[in-house]
């Protein structure tokens, strides 16, 4: 039933590829191109690209047969394809030579799909998928084997869910969303109220999770449902592996969260946000637009739009840089101060004489 | 076979609800209540609650039809239900309007359950559940689809295991435990002995994991089995998502571990412990009762009961606050010291004259 | 079909065990030994071991019936087995009394295995395993229930994959590799190119993941595929739970990565590397051989071979220790400096008079 995509390298020429990328080329247009590669690994038949001038040296030595370069770049050794955005053109070339593995449309006979499910056109539902009642799945979506869909979930069009994705009850997922293996959407928010006897009373987590269009979520990342209302990952936001998004959080649109970052309950993050890896944001924090948080930072208060912070507790990036340039000197500083103190004492004694 | 809980909002009145909550009410007892909500999202027919006086302003403006308020609170705008513990009463009201989705009792025909399994009354075993030999499951427990139970596991009463939970061999789970999606109990402890040639010899992980009553464990959290003896999560302890509990660790009872916290091998944590997110506790550490560790802290030594620490390496919370108030001044401090040094030199030169 | 390993304690004697461990013994060789234990938990019939002299006191009080001790150790209370490497002998004794649970060879009728799969001898493929096209599995490998194998994966000999392991397309796994529950190999690298409108264009992740021989990977750890080329975990490297290994990373051989550590894209780590828990390594970093990074460190630049660093941003361990000894004094330091300043002013005023 399934025909895995073989990704046999296609063969093309510099001229054909330049036409496909809508770019001008220089050199021998008949040069055959079989694959794309990085500068360091490239071999005969490979296409490489030069994004930054600092790698120009490697380009002079590459075994590649052609290169995508900036418009103004000159290179006689090998044919060149000239692009205003070499990286974007390179991505297009990558897509020409490589399509990620996707199973064929159809419902596997070993999938268990509730008869109440609404399924769009060209949907692929793999073996050992379980779909509970009243679920909707849009056209072209792909559920790899082992996806668990709880009741009343809505999945948009062209969504990809990899193995071992959990989508808990009432979750709503937009179009073109990619969920990597082990992603959990809609697990209970971590909400408890302390009782007099020291035990913790569970606060029912009545809310839901909403994943908007074009969001991608990395392997084993968890997004908790809200206690009331919604946890929302907004349009175009990309989340790396092992990230924690707690109850009632809102993120994005067009934000980037690197691996192992955590955002605690009810915090709101604006658009074009960038968090490095292992960042921690506590609960009930408001973060503006276009904020950058350096890796491993621990945020302690609201951040206005345009902030760039680092450290735990966080500081403005310039203050942080100054402070951390000073910290290694701290030990010598203390000795220095002791010496100064003695010199002052000496002076005081002299004057007292 | 399964009838998903629809959670259609029930309709009630302020008077009925007050009776259900065992509370006094003021205002029109016939006011219809359809749902519970937060202060900011509330609409007509919603019940809200006021836990802290600082939110009183929002209460004056809410569209909600009624509010749970402290005993002494006065509010004429809308009917009020008066509670000694408004949050606890609100949780009860939440439970009145909302029951989390739970599948019906019964064993799904697509589950694979070893004939040697002992299964209590009203147990729900979903599709694609695999139960290996000599497992016991107590009354009223629920295994959602895709739970993997290794041999000789004991699961107590009214336990809930969500999809993709792994319960490795010999694990023992108490009553009313909730395991969210992707939880792993009993994976091998990370124990190796370095050989002369630099390679690492695996230390067999012979021990087990014990999860006591009323524990809740968040999505994709991992609890390793002990090398010898037991890894124990004690009664009533609540663990958030993506937490790591290493071999031979003991935690609780009634402790709270926020997301992405990690506790390394053989460390022991007392009761009523609170760890913020992304806390790290190294191996062989002993932590007393009622200890609080602020988010992102890295612990470096044993902590006596009642400690409240922050930072990495950790400091007492007061020392930490002072130190971190000082760190941003460090750069200016160094310049200041240089200036003082010059002034001292000047004085010294003058006195030498 | 499956006969779970019962691990009934075998009975032996000190003499027999000494022979098995290839060691000399002292005391009554007929003393029966039923199990191994830790010093603190040992009971009659147990074997314990003394690795470090500091635990000798516990040995004097243990209820154990025998002990593995260093060659030169003298102990009259109980029989002793004398080993040049007591810990290694103890591991052998552990293996004598305990074998981890492994299912029997055979393909479960509820597994879905593509007819194009090449399967070696004595392979165990559990229930609800899904194997897509063109996969190879070597002799003696074990796939527990619920393993998802994407197309064109190669799995070596005697590999163990626990429940809910995802092995994405084209991944190559060596011999004797252990993958704990929830491990993800080959999820897409987190690679995006920012477009002019602020949205993020996905960079196709064409590369693969290679796991070399004797690697062990902990529960819910994720290893991303490379954009181009390979992500490689080299021979003998051991990775704990919830670790993130990003695209195009290379680690090892014989390295140790403790839990919740993250390594970002394209970083290269040498052999005999040790990372404590929750370490963060950013992208495009090169780390030499035999480097040690203390827990919770955040690396900021390349590390030459032999480095031992700590902190975030990292410092050489000695500098870090000095700095962090000083930080708690920072607050008092500032007060001290203020006082010195006043004393200098006084002196200046006096001299001006």
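By letter and in written order, the chains are A, B and C; residue numbering begins at 1 in each of them.
By definition in this document, contacts are C-beta pairs under 8 Å (C-beta built on N, C-alpha and C of every residue); 3 or more make two chains touch, one makes a residue touch a chain.
Model, not experiment: these values are computed from the prediction.
Any chain that touches chain B and also touches chain C is listed here: A.
Interface residue usage between chain A and chain B, two copies of one sequence, is largely distinct: under half of the residue numbers at the contact are used by both copies.
Chain A and chain B have centres, each the mean of its CA atoms, that are 26 Å apart. Multi-chain contact residues, meaning those touching two or more other chains, occur in chain B at positions 128, 146, 164, 182, 220, 242, 260, 278, 312, 327, 330, 333, 337, 340, 344, 347, 351. On the chain B side of its complex with chain A, the touching residues are 2-4, 36-38, 41, 87-88, 91, 94-95, 97-98, 100-101, 103, 110, 126-128, 144-146, 162-164, 178, 180-182, 214, 216, 218-220, 236, 238, 240-242, 254, 256, 258-260, 271-272, 276-278, 295-296, 312, 324, 327-328, 330-331, 333-334, 337, 340-341, 344, 347-348, 351. Of all residues in chain B, those touching chain C in their complex are 112, 128, 130, 132-134, 146, 148, 150-152, 164, 166, 168-169, 182, 184, 187-188, 190, 192-193, 195, 198-206, 220, 222, 224, 228-229, 242, 244, 246, 260, 262, 264, 278, 280, 282, 298, 312-313, 315, 319, 322-323, 325-327, 329-330, 333, 336-337, 340, 343-344, 347, 350-351.
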